[in-house]
Each structure stands twice: as structure tokens, then as C-alpha cells.
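Listed below are the structures to be examined.
In what comes next, subunit A is part of two complexes: it sits with subunit B in the first one and with subunit C in the second one.
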Partner chain A sequence: MFNKIKREWLLLAAFVALALPPLRQFLEQSMVTHMLVQIPILAIIGWMIGKSLPANWKNKIASWNQWGITGMALAIVIMTYWMLPRALDAAISEWYFELIKFITIFIMGMSLSLSWPLLHPIAQGVFKLEFWATFMRLGWLYLDLPDRLCANYLLSDQRILGQLLLLGGSAWAIAWVFRIMFGTKIINT
Partner chain B sequence: MSSTAVVNRKIEYSESENRNALIAVKAHLILGLAVLLLMMLAGLTMRAVQGTWLEIGADLFYQIMTVHGVGVVGAAGIGSTGVLWYFLRQYVRLSNTIFWINFFVFVAGVVMLLGSIFLGGYGGAWTFLYPLPGKSMGVWSTGAAAVFQLALLIIGTGFLILYLDMGRGILASFGSLSKALGLPQLFGRVPVDTTHPPTVVAGTMVLIVNFLGIAAGAVVLVMGLINLYNPEFQPDALLMKNLIYFFGHVFINATIYASVTAVYELLPRYTGRPWKTSKVFYAAWFAIVFMVMAVYPHHLMMDFPMPRWALIVGQVLSFGSGIPVLVVTGYGALMIVYRSGIQWSTTTKLLFLSMFGWAAGVIPAILDAMVTVNRVFHNTMWVPGHFHFYLLLGLLPMMFGFIYHLTGEGRQGEQPKAADNLGFYAYLIGAFLTSMVFLASGANSIPRRWATHMAEWVTFAQVGTVAAALVVLGMLVFTFRALFSLPKAAEPR
Partner chain C sequence: MRTFLATTLIVIAGLLILWISTDGGRAYTVEEARRLEVRENPRPIPNWRLQNQDSEMIALHDFRNQFIVIDFFYTSCPSVCLILGSSLKELQKDFSSELEKNNLKLISISFDPEKDTPQKLREYLSHFSANLKYWMAARPTSSSQKEAILDFFKVIVIPDEYGGYTHSAGYHVIDRTGRLVAIFGIEQLNELKEYLTQSLNKEHVQQD
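Coming up: the complex of A and B.
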């Protein structure tokens, strides 16, 4: 119990640290750290908080989240919104958009953690593929587009992000291939 | 779990699951057969038009050509999936629901395709080669081209979902795809297990190549759709062509590798001899995983900006791509049948015919994959000659043989009925003639995909029309047999 509380406090502290100006400004000064560090960490904090919710809370939510559909739909809407360059620009320029970003990404992580285990294995596979395809799609787009997508970031930053997304996606694909081709039993049916 | 432990224990399903699965397989086969019959009628119409025995507008001709191309590939896909799924589910646990989902997604896609072609007027061929769908010069609308590509995207998504389920099932039973392919046995890490199911090896190969092929297809379809509505987005035309042919070649090639499971599973039942797997068998199937994916550049030999090495790889691998599995399967089939006392029913005749069609059909393909030959034969009737041979005499007899098996034909030692014999020989002669006339036309430099033929070419088309009519006659017998006998047929023992 003590450990559990301690972990939740740590997560809360990490969330606050991310929201405070030094770290927030440091991470948001580059498109790469904004999209590949700050946003994923916020989602991970939400995911871990979601995991440590009391069982009776989870049960109450589960009745509204049959097969994980509601939670995944919510997560997809949030994810789609924060993939819009305009939204990312707004988060930097307007404090209330920044606040909305911190709250919604956290909620996205939480809804993912509550919904993922409820999903059918095939649906999990479809989502994994789609997440991976999004990495590759955006990576290609950021590299290929001649113009800046975000008003707050340089074209060179966008290009680096594109390269990193393609690199990450490729690493993910290779890891996946090795796991499926040569791994031991990984799925229980 | 080792593969040895699995093969000795077939997957147990409940009575209702088995009943539902059999209905689903029959639905796949009947749909595939019905679409194939319609597509053969479409083919007959085109040959009659080229032979000046029938007159239709050029627009309608290209619409028919489009529906024929996409319809045959689709029907081959759904039918061969039915064959593979039926046998694979005996070794790995597969979901009936996912199988049905793919079926209905496919049906929805077919409706969209028909709408885009016959209501929207799309006639840009199944290849949807960029930038043709967006540059119809007023023959069809952007919407029609978009619905056509969207339909293919939807159909592909259905197949991807099905392959995810097959992958899940194979991983759950065998632990990894390499074990399912028999690679630890091939490389001597575990002793060779001759009872490792050939169906699982074939199913795993089909899963790997088709998953990647359809994924490439999805990418190019999305790029094409973006271009249709945002013409400023102009992707690299050569990249698009590469992706389209990778997708198309892999998909149609995979249908025969999926259907060959019928040969592996059924010939042993009719001869009483098991189909034993071996190191050579595993090596052949392992090689074909890569070869099927790497040969497609033989479609791009006239595209001079293609990297030289890709064309060389395409040519060299095309020489060898048919050989590994074909030799293993063809030789295996001959050895299983030789002096086995097999009773020749329509099922076994069709399965055996498929071995001939596969083996012989690959020869014109190999010829056309040589750069020097391709320079002359490219986009001539030689190309349809090759794939009509391969599909009419190789792939379809595997599917038809399986259908006859499911109808229970030959179960009580009865002789094939006269109608079945008529159907078989009409089909055999018609299919052989159809293919040979195409090949002869190609050798005489008659171009493919032309609605109107020059006077010198008309005789070829007229002979081709008679041959196509024979194919349709055989196909009608097979279809009636399937429609009347298949729905009520019980699960064969």
C-alpha cells in the first residue's frame, strides 16, 4: 500500500515538474522534444495512474467501456486533435490550450490503460499497426513537405523529427519482426 | 510448445463452431465461384468484341476489362482464402467471427467496385496506375476513381484483419512464425518432424507475403486517393508503380500458394499416403517467402529509370521463383499418386490437373521475365496468356477440386457423373485453348488491352472466343454442381 501511494505521488510530482516553466519551456523549445518526449511522458503518466486506480473505480468505468471501445474512441479523438499542427502551435501560444493539452493527454494515457486490456487481440493488432503506420506516415510527411507545419518551429526541426519518426518506426518494425519470427510464445488464446 | 506436440493434437472445436465454419467456407467458395463465372462471361464478351462477333462501345469494353481484372483477382483471393482457412483451422485456433467479417467486408467492397465501374464509368483497369485514375479526360469522374480505390482499400483491410487472426492463431500454437515454417528443423536445431503440417507451412508463408503486399497496396491506394482530391500532391510515379505491382503480384501469387493446401491435404486422403514434410520441403517454402516478394520488378522492365540491379534481381529470381515449391509439390504429388491405386474422381482429376497447370503455366512467365523477350512481348497478349494458363489450369482446379471434395463426390466410390465429366473436359480443353491462343497472339505481337483489333488479328480473337465459350460451359457445370450439392453437403470425413 505504501509503495503504491509512493508511486502515485511520484507520478504526480513528475506531472507537476513537466508543467512548471523550466522543464516545460525546455521541452517545448524544440518540436522533437515536444512531440517525442513531453507528450509521450504525459501519456505514460496517465497510463500508470490508470493502472493504479482502485479496483471498484475500474469496475465502474468498465461498465461504460465495453470491450474498451469507449476509451479507445476517446484516446483516438484526443490523439488526432494533438496531431494537428495548429493545436500544437496553440498550446505554445495560449496558456489555456496548454492546460487543455496537459489534461487531455493525461486522460488519453489513462483511457488507453483502462481500455487496452479489454480490447480483442485482433483489435489490439489493428491499433498497433495503425500506431506504427502513423509514425511512418508522419515521418515521411515531415521529411517530404517543403513548408513548415508549425509556426513556432523551424523547418530543420521538422525534418529532424521526421527522421526520428522514421527511425523509431523502423526500429519498432524490426523489433516486431524478430519477436514474431523468432520469439517464444507471446500470445495466449 | 514445440511443433511436434501440436501436430499430434488437432484443434478441437464445438459442434456449433464447426457447423458455422463449414457454412462460412461454403459461402466463400460459392461467392468465389459465382464471381468467377460472371468474370468468365465478361472475358468471353471481350474476346467476342475483339473478334468482331459482338459490338459494344469502347467505354463499356474498358469497364468490362476493369471488372474482369479486379473481379478475377478478388474471387481468386476470397476462394483461396476459404480453402486455406478450412485446412489451417484444423491446426491452429481461428475465429469464425473474423472469417465472416472479412467475407462481409469483401462483399461490401465488391458492391462499391461494381458501382464505381458500371455507375461511375471507371475503366482505368485494376492497376489504377497513377496518374490515370485522376486523368480520365471526362470518361469517368473523380468520385468513381475514388470509390474504386476506396473499395480496394476496404477489401484489403478485411484481409489484413483476417491475417492478424491467422498470425495470432499460428503464434499461439507454434510460438513463432519460424517454427511454423519449420526453420528450426531446416537448420538442424531440432530433429525433422515429418508430421509437421504442410498446411501450416504454406499458411505461414501466405500470411507473411500477403500481409506485406496488402500493406503496400494500402499505402499506394491512400496516396492515390490523396492525389485525386488534392492534385498538387504528386507522388513519384515510379514509386507508385513499384508499390502497385508489389501488391498486385504478391496478392495473386499468394492465392495459388494458399490453394495448394488442398493438394497437400486431399491427395493423401485419396491415395492413403501421408504428405511428409522434409528439409527440402521447408527449404523450398522458406525460399519462396522471399522470392514471391522480390520478383515483381519483372513487370517494370520497360521502365528505364528503374535501378538496374532491381531489374536484374527481378529477372534472375523470376527464373527460379516457381521452381522450389513447384518441384517439391509437383514431385510430391507424382510420388503420392504413383502406383497408389488412386480412384480418379473429379476431385482428384482437378487436383492433379492443377499440378500441370502450375508447372506449365510458369514457363511463359519465365520467358516473359527475360529482358530481351520482354522488349518484344511487353504488353502483348503473351501476358494474359501466361496468367490465364496459370489461373485457369493451376489455381482454379485446386479450388474446384476442393469444392468437389466438399460436395462429397467420390465418397462412396461412385464414378463421376456424365455432366461432371463433360464439365471437366470442356473446361480443360477450353482453358488450354484460351491460354494457347493468347500466347500465340502475343507471339504475333498482338497488343493486350485493346478494344478494337486490326483485321489481321481478328481470327485469333475468334478462336479465343470459341475457347472461352468452352471454359464457360465447364464453369457452368462446376457452378451448378456447387450451387445444388454444396449447401446441403455434410462435413467430409
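Coming up: the complex of A and C.
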């Protein structure tokens, strides 16, 4: 019990640290750290908090969330919204969009953690493939676009992000291939 | 049943939010949004007083009854401002008769007023063989004024990795009544010309 409470406090502290100016401004200086560090960490914090919710809360939520459908819908809406270049720019220039970002990304992580285990394995497979395809599509798009998508970020930043997305997507694909061909589990996906 | 209800609600609310926040699927980036906003709601420009290349003070309302094309730049800009500059040069040639009749003015506003002295502005203009009667360069007189101007036009300027700036680049059109009525991207020079030709002609017809 003690350990569990302690972990939640740590997660909360991490959330607050991300929201405070030094770390927030540092991570938002570049499109790469904004999208590949800050947002994923916020989602992971949400995911972990979601995991450690009391069982009776989970049961209550689950009755609204059969097969994880509601939670996945919510997560996808939030994800789509923050993929709009406008939304990311707004988060940098307006404090209330920033606040909404911190809250909704956290909720996204939480709803993923509550819904993913309930999803049918085939649906899980489809989502994984779709996430992977989004990585590759965005990576290719960022690398190829001659113009900046975000007014607050440099074109060179956008290109690096594109490369990293393609690289990450490729690594993921290779991990899958290994798993299918040799049964080696490099990462748990 | 509960799941069905909750999911339907989330999907509908989500689509609505996405629809609203992209102006009905028409603007996905800040740049698209500011162009769209100006087209739909032209806004009157404040009467800022700027210092031009001859160290004279000019006020934007001095050019009432003319169309103005404004671009934002800084003189040490290595890339995009050069395209803007040569495009204005093209406008100066193509619209020479309108410029001569005082129906149109070209103004380049620097957002780096500390470095861009009147001397620098003059050099910049002469680099593009600007006719100073038709095309002037100007700088804000204080940093608060600079911020107000950038804010009004929604031009975002960020420092780049070479000690310069990256910025929203475009042509901002002010009509005869002093309203910002259109913004064209750097790639839309032809659309800008068409727009100017049409607007200037329309006004003539009305005058006749």
C-alpha cells in the first residue's frame, strides 16, 4: 500500500515538473522534444495513474467502456486534435490551450490504459498497425514538406522529427519481423 | 448500451471539436487560419507611426485611399525575405501605372529595428532597385510597437540556428479604407497580382 501511494506521488511530481516553466519551456523549444518527449511522457504518466486506480473505480468505468470502445474513441479524438499543427502552435502561444493539452493528454494516457487490455486482440492488432502507419505517414510528410507546419518551429526541426519518426517506425517494424520469424521479443509490442 | 451511448457522445463531440478548431476543415495550420480570418473579418489597421529609410516618420493612415501591400523582413535575411523582395520588385514593374497614380503603395516593415537602421533599409531597397516613391521600407520605433504590429498581423518570428530569424512570410493587403483585407503566402504571388488587379479595377468602375 505504502509503495503504491509513493509511486502515485512520484508520478504527480513528474507531471508538475513537466508543467513548470523550466522543463516545459526547455521541451517546447523544439518540435522534436515537444512531440517525442513531452507529450509521450504526459501520456505515460496518465497510463500509469490509470493502472493504479482502485479496482472499484475501474469496475465502474468499465461498465461504460465495454471492450474498451469508449476509451479508445476518446483517446483517438484527443490524439487527432493534438496532431493538428494549429493546436500545437496554440499550446505554445496561449496558456489555456497549454492547460488543455496537459489535461487531455493525461486523460488520453489514462483512457488508453483502462481500455487497451479490454480490447479484442484483433482490434489491438489493427490499432497497432494504424499507430505504426501514422508514424510512417507523418515521418514521410514532415521530411517531404517544403513548408513549416508549425509557425513556432523551424523547418530543420520538422525534418529531424520526420527522420526520427521514420527511424522509430522502422525499428518497430523490425522488432515485429523478429518476433514473427524467430519469436524473439525485443520490445513488448 | 451505456458504452454505445458514451461512445456516440464522444465521437459526435470529438468531430464537432475538430470541425470547429479547423474552421470547418479549412485551416489546419496557424498560417492558413490567419489568412482565412482576415478574408472573413477584415480589420482596420491602427495608425502606427514608423521610421522610413530616409529617417522620416510615416503613418500608415497617410496612405488612405490607396491599396498597400506590406511584407515583413529583416535586412540580413538570407533566404525568404529575398524572395519577398524580388516579388515586390516584380509588383513594382507590373503595377507601375497604378503606383504612379497613387492607387498602390508597397511597404516593407522590418521586425529587427535594432539592427535595421534607416541606412540599412536604404541599402536593402536599392538592392532591389526600388523606386522610393512607390516602395518604402520602415522600422518600428519601439519594441512594444513592434510587438503590437506583429501581433496585429499575427506574424510569428522565431530565432533560427544561424543567428537570424524564421518568420511567417507573406503579402498583407490593406484596402483604401485602411483595413487588412487579405494575406497571401510567398508562393501565391500570382494570386496576389490577380487580387490587386481585380480590386483596383473594381474601384475604378465604382468611381465611373
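Observations on the structure shown:
The working rule: the second predicted complex is superposed on the first by the 183 of 189 C-alpha atoms of A that agree within 3 Å, B and C clash if a C-alpha of one lies under 4 Å from a C-alpha of the other, contacts with A are read in each partner's own complex, and residues count from 1 in each chain.
Keep in mind that, in the parts below, contacts are C-beta pairs under 8 Å (C-beta built on N, C-alpha and C of every residue); 3 or more make two chains touch, one makes a residue touch a chain.
Model, not experiment: these values are computed from the prediction.
In the overlay built on the shared chain, the residue A:S156 is in contact with subunit C alone; subunit B does not reach it. Once chain A of one complex is fitted onto chain A of the other, the partner contacts of A:Y81 are limited to subunit C, with no touch recorded for subunit B.
Contacts of A:I122 after superposition on the shared chain: subunit B is touched, whereas subunit C is not.
Within the superposed three-chain model, A:F15 lies out of touch with both subunit B and subunit C [touch as defined at top]. Of the two partner chains placed by the overlay, only subunit C lies in contact with A:D89; subunit B stays clear of it. Within the superposed three-chain model, A:N65 lies in touch with subunit C and out of touch with subunit B [touch as defined at top].
Between subunit B and subunit C, C contacts the larger number of subunit A residues.
In the superposed pair of complexes, A:W132 makes contact with neither subunit B nor subunit C. When both complexes are overlaid on chain A, the residue A:W176 reaches neither subunit B nor subunit C. Partner subunit A is touched in their complex by these residues of subunit B: 1, 93, 95, 98, 160-161, 164-165, 167-169, 171-172, 175-178.
By the touch rule above, subunit A contacts subunit B in their complex via residues 121-122, 125-126, 129, 180-189. Per the touch definition, subunit C reaches subunit A in the complex via residues 2-3, 6-7, 10-11, 13-14, 17-18, 21-22, 27-33, 156, 158, 160-161, 166, 168. Interface residues of subunit A facing subunit C in the complex, by the touch rule stated above, are 63-67, 69-70, 73-74, 76-77, 80-81, 84-87, 89-90, 93, 148-156.
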